[in-house]
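Consider the two complexes below, in which chain A is the common component and chain B and chain C are the respective partners.
Showing the complex of A and B:
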């Protein structure tokens, strides 16, 4: 391995110098040199190269090709300025898909966290039954999202299982088209996404609940707090780090969502659940690379604009507490 | 390390039982009801439909099949659905991606955690930016075509490694910062070079963190369909890709029994691993997330 041979000669001198560096108080340069020798960049380069080739360069290219007329139907590629953005904007796709993705992400963040938090509180005590239930709720997390989408498609078909059960409960025929509404289907699909990942959120909340100091709870109990106050004013605020993690992962996961929506509605009905990634995949398949890469840039910008402030806000909230 | 801490706390902290036995039974009944409603219905539907004939499965419902033909359906899926190739395709891209991401990520993390110059912290910020920022999948595909890697396992492995290196570096750098440098110092005095220090001292200490990162990254890569739809473009099959083509073809043929038989089979590898290592996986994930 090149790493060993590179580092060989330097490391012979390293120990004595390293020790001396610690003794001479404040000698910044010596310490820096020791750091360079002890932690050679050769360890960093392989990761950097992979990131450059497969992540950074494509991302930079994305900023370039979104302003070209690149397509699968002709050989040459020429700059066309903002034409792609204008076309996507004027036919309404840009605004619609942005809105759909944003609404979907917000709904998933709510569903995943509400489901996860309720389950965590519900299954908090360490009984055998609760442990079993926790393991079961983790099964959807390890399943393929595509598979989860197909299962729910079958459950929610207008002549599917859910309507059957509702029919039995109400005693009349129910034929709600759960996946056929241009207004409500996005809520249903976001709930499926929340269902798939609620087991993970539950675990994170459970871990957060376990880190709460028992003395805090006891003190509050002595002060006569009722269970409602105990949860919302004492335990929930102490779950801030878990909340940050869960909201951030839910937002990021759903803005990059594809599998569940593709498997249940494929963007329909009428484009009402067309996430940016669905559009990117569809137009790529049609050879419309410019449109595809333009939307990819839009997704990149959207995630940067939404995710960073949300994470910063949640982090600050943690610090205040 | 995290595993034991998690389990210790679990036994001591919840010891003062506030609930009486009666409420325990009610609680357990309620848990069963919730499990049946939330998990029982979809999974029951999947299993009974996978056991039906095509005629019966056209309208998936909760009724039992008139006669079970689950094994025949599984057999059909394996032979007609090219499932064996797809399984090996999945293994072929997942295992190298995870191993490379973990090894290169751990090596980079060590340097990033220990060197504290301003330039290094910029490099670190760039390295972990991939946790948040989505990869530019269309231009990745274009670059791979130019490199002659489109549709190859090598290209796919590179893309997965590039996407998940950020996560690995983030997890491991945070952990290495908690390891006192004095542990390395001792080995250095004995004349060990950086490679020896890393592989004999740091890497063994990373065990629990590496385990957590392995679980997360494996979950994402094994189940991924979006990136493989672009990169592999039908030249190499993975399990989710294969499911997608089976289901897309079967949608209008209404082959629900085959789709569900396929889903049961493809979920088995991860389910079995999870069943065996369930306690470690759960404590590993929770240990890493909430500091």
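Showing the complex of A and C:
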């Protein structure tokens, strides 16, 4: 049993003590320095301006335009109250697409995390082979989402590569329409989304695994845990911060998803994979700008309503650490 | 404190400018009533244009079309024509660009009421009336598209596609069919005959491609040709008649019935347009209801071999009771000219169109191997018979929903949903009607 358990906290605390000590010596001088250090405001301007022009103002305008009749058919824009909201909610498409979006987001969160966690566990040791494999699994993350979508679309079509491989293995013609089922295609597309982003989850889980204190592992081993208990009762709970981050980013990323689904199914078959963003895009293309703005406002609100409780719950989980 | 105050000032200034930029009005060119009959409205094709640069927007599937015309025009006038390919989906991307203030001088554009309405309402298009070549157009072309609210805004430079039936002649022969059908009922009977004949290699008498969605609308639209001649779309445009009323809903139900009877391919819901082209070319199916662009995909499979195509693929128009063609001009048939604040460029744009439809036309037709729309210019002899038959249906044809309705709802998506079983015919009609009403309301049309 190692005996240096308080070495870590001690080394972290040391500099803090040092600062405190200096402050008591020359309080005035330090405060002046701090003031200088706290006022690099000029450096912030470029970032603030970009944020303002490209993020805050469009977001605010998004709220404003949702209550207007802005369209590609008029020269003027006038407020029209809640007419857009009424029209949207009276049509079943919005509700259907919201449901599709939530199902898709949940599936992506599951796939991306399961794939990522499995990869991280298998590739944890720093061998040369593992390093190479990590890079390979990270490649889809940096690929264009549209390219990923088109590749998978070609692989999965009824005379595509997957069916040909299956046909070779089984010795008969396989012509499953992987992207043709109104029930299961959303699962397939979500899996593609999970596949594309699993490399990122893998990296974060890897980082999480690396931070687990070896002593905890050794202590558990001394207490006689088997590998199954070791993973689920010791290591997995300690990955909580990584899980929070991965689930949150997967949820947010997939609720705002567009590109992968557009490239693989374009919302089909039968609208069963039509994410809200695809509907927004379709409506905007029709020249109904105010309506599509209203939809993105609805999406913004829905993402907020769903994402924040989930993140809050996951954060609360971390508190036991 | 000083810094803070300055900071607040800057933030306010930036916010104010951005709000002003985002604006509360659609950016558009000033309104102007042009005299299209004036002697110099259509400049002579050889007017010197040194130093003038024109921007022409084209789509991915049409960016080779203007090549020869541009070369000839540049050589003749000294102008420069910059051809920019706008990525697909072309119409949406162009509309988005123009809405955000990026406007070309010329663009390929679908010359239909539904696609012109938005630009005309925003006063972005030049009027192209009183064109010098109008009398030279072959029968039917002048009326096939481009006119909206009694003014011409788009000029057709090639024959618009016709919705109709492309069929495999060999399959017809093997199934013992000697005459092409007249009217919808005979069309259905023909399909049943092919099915009953059990021709080896033929998997289904009809073939649909709802995986690519866009082709699903033709089977419904062709059934509306007679009604369209009798003013169906005028009534739909005023809200007097709806997609959910018996005429259109009936056509949708007839389409659904073909699936119920097992006349379509099993994977109709997910098959793509390319699959459809291959199926007809390879004789896996007997008939498809389609337009010229799908035929072009078949021609590509046949390496554009006219003899092989003529031997295998035929075309006939179909309608509820007759063989009336439903004409649907596309983006790669017509060109529009935009207003700008530069009168010289506006005139140069008109001059470019003038050149194309007169002095440059023979070169264009020869280069592209398409049928001529001018009586003074002969067509090349390389055009496949199916396309000649398609063009022959134009003079007696009638406009499609896109041509005659004020808005173009996503009928094809709703029908693709129906093919996949997630919508009933009633629901497909209802969704289409709701979207149509929404678009009509946005245009400020009364009755919605």
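Just so it is clear, the second predicted complex is superposed on the first by the 277 of 321 C-alpha atoms of A that agree within 3 Å, B and C clash if a C-alpha of one lies under 4 Å from a C-alpha of the other, contacts with A are read in each partner's own complex, and residues count from 1 in each chain.
One rule holds in what follows: a contact is a pair of C-beta atoms (placed from the backbone, for glycine too) under 8 Å apart; a residue touches a chain by one contact, two chains touch by 3 or more.
Predicted model, so just to flag it, every value in this text is computed and none were measured.
Shared-chain residue A:41: touches chain B and chain C both.
Once chain A of one complex is fitted onto chain A of the other, the partner contacts of A:269 are limited to chain C, with no touch recorded for chain B. Within the superposed three-chain model, A:72 lies in touch with chain C and out of touch with chain B [touch as defined at top].
By the touch criterion defined above, A:51 reaches chain B but does not reach chain C. Taking chain A as the reference chain, the count of touched residues is higher for B when chain B and chain C are set side by side.
In the superposition on chain A, A:289 makes contact with both chain B and chain C.
Contacts of A:151 after superposition: chain B is touched, whereas chain C is not reached. Shared-chain residue A:102: touches no atom of chain B or chain C. Once the two complexes are overlaid on the shared chain, A:85 sits clear of chain B and of chain C alike. By the touch criterion defined above, A:137 reaches chain B but does not reach chain C. Shared contact residues of chain A with chain B and chain C: 39, 41, 48, 53, 57-58, 61, 157, 281, 284, 289. Chain A makes touch with chain B in their complex at residues 1, 3-4, 7-8, 10-12, 14-15, 18-19, 32, 35-41, 43-44, 46-48, 50-51, 53-59, 61-62, 65, 122-127, 129-130, 133-147, 150-152, 154-155, 157, 159-162, 164-165, 195, 200, 203-204, 206-208, 210-211, 214, 241-242, 245, 252, 255-256, 258-259, 262-263, 277, 280-281, 284, 289, 292-293, 296-297, 299-300, 303-304, 307-308, 311.
On the chain B side of its complex with chain A, the touching residues are 6, 9-11, 13-14, 19, 24, 27-28, 31-32, 34-35, 38-39, 41-43, 45-46, 49, 59-62, 100, 104-105, 107-108, 110-112, 114-117, 123, 126-127, 130-143, 158-159, 161-163, 165-166, 169, 184-185, 188-198, 219, 222-223, 225-226, 229-230, 239-240, 243-244, 247, 256, 259-260, 263, 266-267, 270-271, 274, 278, 282, 285-287, 289-291.
Interface residues of chain A facing chain C in the complex, by the touch rule stated above, are 39, 41, 45, 48-49, 52-53, 57-58, 61, 69-77, 87, 90-93, 157-158, 175, 177, 179-180, 182, 266-272, 281-282, 284-291. The residues of chain C lying in touch with chain A in their complex are 3, 7, 10-11, 14-15, 18-19, 22, 24-26, 28, 89, 91-92, 95-96, 99, 117-118, 121-123, 210-211, 213, 267, 269-272, 407, 410, 413, 416-423, 431, 434-435, 438-439, 442-444.
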